[in-house]
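Next up: some structures, all given as structure tokens.
Each of the two complexes below includes chain A, the first together with chain B, the second together with chain C.
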Partner chain A sequence: MILNVLLSGLSLAAFYFILSAGLSLVFGIMGVLNFASAGYFVAGLYAAWFGLGHGWGILPAFIFAAVVGGVLALLVEVSLLRPLYGNVGGQILTTLGVMLILDEAVNWVFGPQIQQEQMTGLLSQTVMFGGMPFPVFRLLLIAVGVLIFLLLALALRYTGLGLRVRAGVDSQTLAELAGVRVAPLRSIVYALGGMLAGLAGALYGPFSGVYPSAGLDTLLLTFIVVVVGGLGSIPGTLAASLVIGLAEALVGFFVPSLALTVNVLVMILVLLLRPQGLLGKPPGRRDTHAA
Partner chain B sequence: MPRSARALRAPLLALLCIALFGWPWVTGTPGLLNLLTGGVIWGLFALSYHLVLGWTGEISFGHSLWFGAGMYGTALLLQATRVDALPGILLAAVALVPLALLVHLLSLRLRGPYFAMITFALAEFAGLLVQNATSLTGGTNGLTGVPISPDLAAPGTLYLSASLLLIAAVAAVLWLRGTRVGLVARAVRDNPTRAALFGHSEVWAKTLTLGGASLLAAIAGGLFLCYQGMAFPAAFGSDTSFTVLLMATIGGADSAWGAAVAGIGLYALENSLTATTSHWGLLLGVVYIAVVRFLPGGLGGLWRRVGASRGRAVTTGAILESSDQSAPRGGLLR
Partner chain C sequence: MSLRLSGIRARIGGVPVLHAVDLEIRNGKVTALLGRNGAGKTTTLRTVLGLTELDAGEITCEGRDLSRLPTWRRAREGLFYVPEDGGVFQDLSVQENLKLSARMPIAQAIEPFEELGPLLGRRAALLSGGERKILALARAYASRSEWLLIDEPSLGLAPTVLRRLAGAIQLLRGRAAMLIVEQNLGFAQSVADDYVLLLDGRTVDRGPIDTLRQSSQFDAAMHFGQSEGGSSQ
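Let's turn to the complex of A and B:
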């Protein structure tokens, strides 16, 4: 029984991590609070729904969702965000505009009603844990979350690209002085953030349904996770996802009415005790906004 | 700002007020009166957001919290007591100020993007609380049957009261801007470190400014309750915050009257358009991007450019940039 609850918590944590990692990375390198990620999330959600509905199978449908999110993000970065470097307020407003447009476009094309996801193959199966059925999909979610964390952590630690991204996050000015071209890095990281958001959207469908305002609904949780973890820190995002996911599952199991309240309480507690987040750097030591 | 533009401001404002008052009476169309009443209330709400955006330099994604709190606070007060509607609105709004100060003091442990996110989370949370406290608030159905006394029940008097409140609020904000309070707020916004050296605490200055913004937003929320005849949970929603942020941005971060005018205009536009198109959100998104791109100083900046070709518009971005905590100030490389 308790094993089931813990596994649910872990799968929630994995979902929160995938949802928030892109936002955190994008903030790290660009200093932008990327509202548009909720738009890429919805685009990915509907892309996966479309793929599954046409019998593509899980893997192609989810990859399609990530690609849709990534391509949209790349287009937005090149056409709208690039001219606004150094203008933090302008960038926030622009990403907010992109989110509103994507949400409304999806609403326009597919309608406001909740669509049923095609639950075939792995999506419909369950395994028994301690006499209780547990959806295989949630196990898959945990595996995907772990995989993405490892890929991100290893790529940031051991590849040349990762080195340049870390340099850009630490100090954009110094990275540029050392000959790192930061502009292409921004495009790459932003597109990666879009892919992660699209993938998170695809993963959201099977357990919460497919509807246009899903992006806005999950935005609150994304914000809580990144505030608790500390913006720009991937291990921080992971730690916060675990705390929030497990807390939500445990409290949701014992006192269902407090499931969301506990998240906000955790956030307020962290803010009071450690404003920069669990693993974030103290403010004032960052150089992410240099024009 | 050059002297000529400053001299023009007062008569123009007076003209604007007369137009605001006179227009619906002259034409005598109930539809227009109705539209403008809503617009004037949102103008007041947008003006309150001007204090957030222009005075503190922070972005809040949860300003709807205070609009909704004013709305439900007034509704509960009117239900519980026999107080008239207008004093009820003001009373409820003033009663909310201590709570607002406490919340802002807590939120201001964070700045910039973090502040924006915590405000968003708090407003969403408050909306959920209101939706779940069904016995007190009517839940998702909203709170209907609020007794609104005759002083605000008629559309004409509501319009008149709201307009007067808006004009008084614009005048108060413009007057405060030139006083010590406004100067300290601007000093803290532009360079918190230096302001601190002169003994002005950034956190306290911003907390007080945001408290004033919450007061105005709560009054707007109370007025909107009388306008709609009911309190509804969507008032706490993110759409409310996004819309008011857009209004203040279109108005220009540094312009009080710009925010008020943009509030009236955008509300009127939205409600004339929803009759013909249901995709208001699409237009809202396009307007966001277009304003950032082509009208960085908003209406206020545009007016200053028209009024004085030499005047330099203060852009929203510039204000936010200069107030950004994590941006390095000065330094060897700049």
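Let's turn to the complex of A and C:
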């Protein structure tokens, strides 16, 4: 039984990581809390549902969801956000507006009702763990989470692009002083964030169905994970996802009435003990060379 | 090879800080940019790099106008900035810091900076103040930049580290033109060939560093610097 609870916690953690990693990186390189990620999440959710509904396999449908999220994010970055660099208020309002427009767009096209068919069926296939059935899809979720963490970690650590991104997250001004052109890095990271949000949307569908306000429903949780992990830190986002996912599963098992509040409690506890988050930069270490 | 600033004007937060800065630095020479606190020394460096917006004037490298280029382009044109805290990427390792700017193999880049050898894998945030400045100069060396702008290199360093830093600056002298902002007159005189005196955002005098104290503007330009910089002479 406890093994099932732990596996559920790990699958939640994997989902939270995929949901939040892009947002964390976007904040690190752009300094903006990207509300639009909830819009890319919904777009990915409906894209996967559309793909599965047209007989695509799970892999093409989910890749399509990530691509839709990434392309939308790239379009938004190039057309709307690029002129707003340095204008944090403008960026926040714009990303908020993009989220609302995307939510309303799917509402208008597909209607407000929850679509259960296609997606929830993915949970029906189970394997036995400790005498209890466990959905194969949750195992897949853990595998995808681990794969994405490894890909991100290896790319950030061992590629030239990853080095430039980490330099930009450390200090954009110093990166530019080192000859790094930060603008294309922002586009790449923002599109990557959109892809991850779109994929997270697809992975969310089997648990909750497909509905227009799904992005809004997960937005608070996304910010909690990013803040607990430390803004801009991928290892921090992983650590926060694991802490929150496992805490939610364990508390949900032993004290079900507290299951929905445990992530907020974790955030309050972490912020009291370590205001910069588990692996975030201390506030005084933000870009001191900026104009 | 020279970097020339002509009639530079700049403001910070709407307040004019530079009114008329003129100077020229030449390959193989170290020029000390001197003046009391608030004279506009750091603002001059930041304006050259595009970090502070230029109101008027011209910044040229060998006749090429850099005035309207973004910071990253100026860096690629050969400008390298070492801010007073060293300006290293704290979350990157020493090796990664070098790699980001290097136009030569890392092994070759650290040959003159052998103390960095055992530290290659260490995060820059864990280095001492002196090690950070040595790393910053090693990055400048590895980048093969032609114009080095160094802000307060001696700030907060012990005398033994200062000697090491002076040695590193001598090494870079052969490859680049250097403009060094410095409050510590003794250190400035030990490394520089020429001086430029700034007073209230204007160039008021320049000449060979040996003649600094004979400058008619010396007392006016350096007064507060002398009283506040403990090591100034």
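In this section, the second predicted complex is superposed on the first by the 281 of 291 C-alpha atoms of A that agree within 3 Å, B and C clash if a C-alpha of one lies under 4 Å from a C-alpha of the other, contacts with A are read in each partner's own complex, and residues count from 1 in each chain.
Throughout what follows, contacts are C-beta pairs under 8 Å (C-beta built on N, C-alpha and C of every residue); 3 or more make two chains touch, one makes a residue touch a chain.
For clarity, every value in this text was computed on a predicted model and none was experimentally measured.
Visitor: With the two complexes superposed on chain A, say which partner A:Val169 touches: chain B (first), chain C (second), both, or neither.
Guide: A:Val169 contacts chain C only, not chain B.
Visitor: Applying the touch criterion given at the start, work out whether A:Leu161 contacts chain B, chain C, both or neither, answering first, second, both or neither.
Guide: So A:Leu161 meets neither chain B nor chain C here.
Visitor: In the overlaid three-chain picture, which partner chain does A:Leu147 touch, first (chain B) or second (chain C), both, or neither?
Guide: neither
Visitor: Looking at chain A, which partner touches more of its residues: chain C or chain B?
Guide: The partner that reaches more residues of chain A in the superposed model: B.
Visitor: Go through the superposed model and pick first if A:Val180 touches only chain B, second if only chain C, both, or neither.
Guide: second
Visitor: Give one of first, second, both or neither to describe whether A:Leu3 is in contact with chain B, with chain C, with both, or with none.
Guide: neither
Visitor: State which residues of chain A lie in both footprints, the one left by chain B and the one left by chain C.
Guide: In chain A, residues 173, 288-291 are touched by chain B and also by chain C.
Visitor: Can you check the complex and tell me which residues of chain A touch chain C?
Guide: That would be residues 163-164, 166-167, 169-171, 173-182, 281, 285, 288-291 of chain A.
Visitor: What does chain A use to touch chain B in their complex?
Guide: Checking each residue of chain A against chain B gives 27, 31, 33, 80, 83-84, 86-90, 92-94, 96-101, 103-105, 107-108, 173, 216, 219-220, 223-224, 226-227, 231, 257, 260-261, 264, 267-268, 271-272, 275, 283-284, 286-291.
Visitor: Flag every residue of chain C that touches chain A in the complex, lowest number first.
Guide: Residues 46, 49, 51-53, 70-72, 75-76, 80-81, 83, 85, 87-92, 96, 99-101, 139, 143.
Visitor: Please output the residues of chain B touching chain A within their complex, sorted ascending.
Guide: Contacts found on chain B: 59, 106, 109-114, 116-118, 120-122, 124-125, 128, 132, 238, 242, 245-246, 249, 253, 279, 281-282, 284-289, 291-293, 296, 315-321, 324-328, 333.
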